[in-house]
Each structure stands twice: as structure tokens, then as C-alpha cells.
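Notes follow once the structure below has been shown.
Chains: A, B, C and D, in written order; residue numbering restarts at 1 for each.
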Amino acid sequence: MIAGPCAVESEEQIEVIARTISQLGVGLLRGGAYKPRTSPYSFQGLKEPGLKLMRNVADRYSLGVVTEVMDLSLLETVYPYADILQVGSRNMKNYHFLKELGKTRKPILLKRGMDATVEEWLLAAEYLLLGGNEQVILCERGIRTFDDSTRNTLDTVAIALAKELSHLPVLADPSQATGNRDLIKPASMSAVASGADGLMIEVHDHPEKALSDGPQSLYLDQFEEMLPDLARIVNAMGRTSNWKQEAEVLDI
Amino acid sequence: MIAGPCAVESEEQIEVIARTISQLGVGLLRGGAYKPRTSPYSFQGLKEPGLKLMRNVADRYSLGVVTEVMDLSLLETVYPYADILQVGSRNMKNYHFLKELGKTRKPILLKRGMDATVEEWLLAAEYLLLGGNEQVILCERGIRTFDDSTRNTLDTVAIALAKELSHLPVLADPSQATGNRDLIKPASMSAVASGADGLMIEVHDHPEKALSDGPQSLYLDQFEEMLPDLARIVNAMGRTSNWKQEAEVLDI
Amino acid sequence: MIAGPCAVESEEQIEVIARTISQLGVGLLRGGAYKPRTSPYSFQGLKEPGLKLMRNVADRYSLGVVTEVMDLSLLETVYPYADILQVGSRNMKNYHFLKELGKTRKPILLKRGMDATVEEWLLAAEYLLLGGNEQVILCERGIRTFDDSTRNTLDTVAIALAKELSHLPVLADPSQATGNRDLIKPASMSAVASGADGLMIEVHDHPEKALSDGPQSLYLDQFEEMLPDLARIVNAMGRTSNWKQEAEVLDI
Amino acid sequence: MIAGPCAVESEEQIEVIARTISQLGVGLLRGGAYKPRTSPYSFQGLKEPGLKLMRNVADRYSLGVVTEVMDLSLLETVYPYADILQVGSRNMKNYHFLKELGKTRKPILLKRGMDATVEEWLLAAEYLLLGGNEQVILCERGIRTFDDSTRNTLDTVAIALAKELSHLPVLADPSQATGNRDLIKPASMSAVASGADGLMIEVHDHPEKALSDGPQSLYLDQFEEMLPDLARIVNAMGRTSNWKQEAEVLDI
């Protein structure tokens, strides 16, 4: 289980969120410092100071840090602060970037492109694996379809298919997929029942004031409330609902 | 739980399937007698003799019958044989048909069009409800997207959304959605964890010889084997895994 | 060239439109009397009285009538009023309907389903041809994609492909495709340059008061103004821009 | 008009192609030296030696060079060889890359992402413009839809819309859009009739032996044969069919 805000916004924000998820037994903190935004006029992230803030609070609460590397030229800056390097969906087909990233030795979370077939997603992972990095984690985050009822369409069957066709762990990101906090709980349960090995969920202490993607961030108490129901599905799948387990497996 | 072949093909076929699903505790038998096929040169169904065969074996095993009404002109023929009238995805936007069908008094299973938004699906249900038929059951069966890894993309979040926006029961059809028998189990579990009230699954005694949609039909023993795992998810959702329950609720 | 309102709304409306398009040299009048609307609460058409109004003004100005048959049960009513029977995109996969319609002997305009591949579209035409009706006209009207910049995405290359794979004439409907009157002119020119044999365009004397699809209807003077530019493309394709030609070829 | 092979493969290949297009009056030569390929096991391009080959033959025939910058880390290498820097569709949402590229002072050809709305495409251009580079050229290259009749779906109406919403020139790439050399001619004509300011077309001396994208490359004589028909559409749009014009406007 990975939880945290879309973007690091302030020391207070990341501190409150980190403390809360830590108390709930979550082992990995997510947060963006460089944000890929559709419009150049939107909030673009706090950059390196944001990474520092996140690293500090993560250490205080013994959390691992998951954060996106938006471009090869930012790798050196981001690398020391991150425990898991995230490749965003917009970069899944950026093959030169993937080749270079594959030479690093930290776990990589590879999001599925919103226009990528399952085969293209697995071939993108192959670019990372060829560089010698074997700690590749796939993450389904919804694909783009004609239906705008939700931000994207969560493709839960793709999770099962990716697990059948590869040996890699597969997570789901129900926040990006739905874009709607009221649908994050069923989306999460649905992903787990399709075989997902973990979830990455956006939470925020004040989603209504978030500088990016507020509507898809859970309130901290909403997050807490969904965990028992989620745990029942996790257990029905024959897994233990120890939310830190993943971080331990990855040896962070 | 609704199970049965894509199409009724012979007395022996439907007898074996009906007996097996009945023994497994399933209460509703599906089977097509008029098949909407993309090509006019494909098998088009046994028509009324097929309906007779299905009705006979269903009565023998105390099963309800779910079958498609392909056109208004076939309603009179199909009506006496069916317990639930199915509207196929190709007909979901056939509004004149829906208006007339809404005047009948048998439960109607309304499949989501493969190009329909959730709002359009609910408005199609409205056409049925306006006719005075209040026994409308929605059925998510996958939407058409760019990804051809599976036949369609099962939209499990749409199940949760349809339940939030309406009071109607929502089923899922993992066979049509995936087109691949190896993915029916995770698709079924995923749909249930998203809140689906039931499933409609294609099973066949000899899928490799099926006259239509063989690749997406479960072998009878595959179907039997998936039920215990499925039951665990059903129970984790706080529901009882009595597969006949739905038929009873609908008073068939 | 086929022109006319989305729906027949009143004698005055259809009279003004018919007179204008006739003066501009157009030979075929379109207009819906039974409208397939997403919501049951939207205007559903004037029904048979609308057909009568349209037939009367069409005769007054020597125009052919193109109108949709929404359901088999309406065929007998619509048949005497129409010169070309239109199958709407929502009905393109309604195979029982197509089979029966193929037994008639009036030209049929088969719209492409908004979720249909080119192959599925041609196989739907095959259902009509098998019934013995050889006057099948295809009509591309845009497909449903992730991009909502326009109502649908006009697939001009599909026009060229359909002409390569079959011997049938292919029209385009730029009004349905774009949903935006400001884009109808480039869409029309683009379709013709891809090989379209004709166009079906929605025009209205007062689009802002139209009971359906006003935003995609051209003002009558807009329609008149686009014809010279369109004629230049038609001529560049080696065809004559006599807008009545099509009606004559079809012997109406 | 921009023409050339998908990828530079050898001195002989690029020499023959450059000579031919130059004789036909084309002013810009395209060719990839770094190729973004879905599979890491596919041909990845000749890299800098390929750029040198292309620059040499371009100079011999007074052609401008259009080539892709796949990653920021390759900008310094590619820059001296190129007259127009191409941003591939996979990079259209790579915002950090766009920001940096906007600081250069050579014209930039920005391909539309295969999953990008028109608004997202224009906002991506805004990232380039904000850097101070005002020579941004848009290029529609087909979007990803459910229909696999063609490689992508050429969205000709998007060309008209992009021109309406911005002041930037818009090209079309019918090769990437269709993936089928037999459809390049109608696709090209359709794009021009929708208002495209230019075309980028893949040609090859031996498409059947091409190391990438052979099926969508025109034979050199096919290319020559389509020019007169294309010129008629260009002229009908009130433009001159001097294929070098574009290069001159861009002052290369």
C-alpha cells in the first residue's frame, strides 16, 4: 500500500499525511515534486525543496518514498530522495528514458500509458529490465476511453492479464483511474479482487484546497474508514492485509 | 448467478449444461435462440425450437430462463418461454424497442451498449421504466476501447457508479467482456468486489465445438472450480453466496 | 447532396427549408419524424403527421425524401412517405431488422454505427444485400473516441477504405460527426476529398430554436455560402457539382 | 511538403530518396536516426552516423532536414543536423522536455499525441511557446480508437479546429495515421481539404525491405503519381502547389 498526496505542497501538509498513514500501518509515502500538468499555467510542483520535505517526514515516520522522475535530466536530483522511482503514464512510451532508467538500481514503478495496450506496457517494462534493473513494478492507472463518467476507465482485467503474462508485481492507482474520491473504494476492492498486489492511493488532509487533483484525493478519515472493508477482500484473496508488507518485500 | 451457453445448440447440449449448473446451485439458465451475429454467414441460432428445448430442460431442473429478444417482432414468440427478457448491447439504444418492451411485465436484463456512457445506459433503463416495467436489471458487459488484449474492456467502476446513481440491480457479464475463458474468474471476482449484484457467465460442455463464442465459454468443471474462490469474495462483500438467491428475489 | 432539418417540426419550418434547398439545386430532403433520443424526456418527433408534412412539401418542390425507419414495426407507416429509407447508427447492428429491411425495394441509407469497425459496417450492408435489396448506400457519421472536442470523430479514411473494399456508394454526415456548425464546411470538404460520393447535411431556418440538434445545424445562408467552396473540391475530384445528380442516379 | 523514409538506413537509401523528392520539387527531407520502437528488440536507428548521412545528402540536394529529438539528453547531438526539430507523439505530454525545447531557436514540429485531445495538443504547444520559440508547427498523425481497420484514425476535423483555435500552421502525417500505403493518397487529400498547411509523408525506395514501418511507406513512383491529384485539391483550396513553399516560409 502506497498513500500520499498528489503533490507535496508544504511541510505541514506532508507531515500530517505522513503521520496519519504511518499510524494506519502504511509503509510507503507517495508525493510529487515535479508535476506533469496539461497546462503550463497550472501548479508545477515544489521541485527539490519538495523532495527534501518529503524525505524528512518519511524518515521521521520510517516510510519509504515513491516519487516521479519526469525526465532523465532530473534523475540525478530525484535519485537520492526516492526509494521507488515512478515512471508516469505520459512517459511509458519514452523509450530512451526507460533504457537509461533501467541502468539504475532502485525499484521502478512503471505506470501504464493511458493509451497503451497490455502488450505495449509489458514491452516498456522490458526496456527497463534490459538495463539490468529487475525491480520493476507495474501500475494500472486507467485507460482513456469514450466514457467520461470517470476520469479514466480502470482496466481491472488488465491486471490479471499482466500477471498471467509476466512475473512482475502489479499495483493499481484507483485515484488517477476514477478521478472521483467516491469511487476509490469500489475501484480499490475491484482491483484487489482481480489480483492486484498493491494499491497507490491519493490522500490529502484538505483535498478541497489541494493544488492539484483535489477531487480524486481521499480525506484522511475516508481513507481510514475504507481499510477494514478492503482488508476483507485482501484476506478473501488469501493474502495478509499488513499494509507494510510490500515495503518489506522490496527491502526498503 | 446466471449460467448457460451462448447459444442453444441441441437437446443434449442444453440438458447437460442445465443439469450441471442446477447441481451447483445456480437458479437461472441463459441461452440464445436468436443470435445477433456480425456476419450474416455465421450461425444465427435455432430460433423457436431452441426456445422449446431450453424451456423443457429448465422446467426439468426448476431453473428460470434468461434469453434475448432481438427485435420487437420476435417478442410474442419469445415471451412465453422466458422468465427474464434480455436486451442485448446492440439494442440498448434502440429506443422504440425499449418503449414497447417496457409495457411487458417480466423482468428485463438491460445490457450496456459497448459504446454507451453510464448516463446513456441509465437513460435507456428510464425508457423501460416509463413503460411501467419496474423489474429492470442492468448488466455491464464491457465497453469498446483501443485495447484489443481482451474482446472488450470490463468497466467495473461503472458497476459501482450505476449503483450509486440508480436503485437498480447491476450484474456483470465477464464472458462477453473478456472473450477469454482464462480471464473470466478474475473478471468475475473483480466485478463482485465493485458491488455487482450478480453474474451472467457462459458455460459449455464442449466449448471447443461451440457454434458461437467458444473461446469465452468456461468448461463445466472450470465453472465448478471457480465457485469457492468467488464465494469468498461474495462473502467478503457481506453477501451470501447462495447462487439461487437472485432468482428468488425476482420471484421466478 | 441531401439536406434538411434533424427533425420535422412544423409545416412552416419544413416548407422554408425545402424551398431554399430546392432553389440551391439540392434534390433530396432529409428530416426525422421518429427521433431516437438518448433521453425519453427529449422531443421524440412528430411521427406520421411529420411524415405527411415532409412528403407534401417535397412533392411541391420535386424533392426526394430521406427519413429514418427506427423499428421494423414502423416500416409499414414510413414506407409510403420515403424515397430513401435511413438506418440510423444505433440500428446498424440490429441484424434482424436489417434482414427484414433487405426485403424492401427502396434505396437504403445505412449509417455506420458509432462503435462499428469498417468490416462490421460492410457486413451489416451484407445483411441488407442478402435480402435482395441492392440499392444500399453507406454513410459515415463519425465514431466515438476519447476526444470530445467534437461530438464524434469523422473518419474520412474509412470512406476511402469502404469504397476500396466494396462497390457501394458512400456518403458522409458532417453534422452528426462534428456536432458543431462551424466545422461542417471543413468536414464536408475533407469527406469529399477522401472520395465520398455525397453528403447529408443538417440545415434549419432557425437552428437556435430547433427542437433537436440545433448546434449542429447550418443556418440556411451558411449552407448557401459553403456551396461554391465545396464545388471546387468536388470538381478537383473530377466530379460534377450538380447537387441533384445523386437523386437522378438513384432514379427517384 | 515533407517527405522521406521512416528511418535512415544507409547512405544509398537516403541518397536515392533525397534525389527523387528533390527532383519532384519537395524542399524538406524527413528521416529518423533515433527511433522510438514499442519493442526493445526492434531496429532502434543508426543514431549520430545516420544524422550525418542525412545532413550530407540534404545539403547535396538543398533540402531542409526534419528529424526527431527523442529525449532532452539527445538534443545537443541532434541540434546541429536538423532544420526542424520533431517532437514525436509519444513525447507530446512530456512537459519538462517541451519546456526545455522551447528555449531553442529552430522550428519545432509538434506531433499530436495519439491519446491527446485538441485542447491538450494546443496546451503542449503553449509549453514550447512559453520558452520563447515561436516557430511551432502542429502535426496531426491520427488518434487511437477502437477501429483497427487502420493503424490510427486520422482526425481531419481536428486540423480545422486547431487552425480555428490557434494561429499555428498545422500539418498532417497520413503515413502514421493510416499505416497503409494504399490509403495515403485519400488521407492526404482529405487532410488538405480540411485546411492542413502541409503534409509529412513516408517514402522509401524499397518499402518491402524497410527496417521499420515499411507497409506505410509509399514507393517513390507512387509518391510521384499522387502529386498531380493532390495539387488539384491544393489549388481548389486557393493555395499554390509549390511543394517547396513551406521550407521558404520557414526560412530554411
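In this text, a residue touches a chain if its C-beta (ideal position, glycine included) is under 8 Å from a C-beta of that chain, and two chains touch if they have at least 3 such contacts.
On a predicted model such as this, the values are computed, not experimentally measured, just so you know.
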item	value
Both-way neighbours, i.e. chains that touch subunit C and touch subunit B	A, D
Maximum centroid distance from subunit C, chain identifier (CA atoms)	A
Proportion of interface numbers common to subunit A and subunit B (over half same, under half different)	same
Mean-CA-position distance for subunit B and subunit A (Å)	35
Computed distance of Cα centres, subunit C from subunit A, in Å	48
Sequence positions of subunit B contacting 2 or more other chains	115, 144-146, 148
Subunit D partner contacts - residues on subunit C that touch it in the complex	115, 117-119, 143, 145-150, 153-161, 164, 177-178, 182-183, 186-187, 189-195, 232-233, 235-237
Interface residues, subunit C side, partner subunit A - complex	144-146, 148
Parts of subunit D lying in touch with subunit A, wherever the complex brings them together	34, 36-40, 70-74, 90-91, 93-97, 99-100, 113-115, 120, 123, 126-127, 130, 144
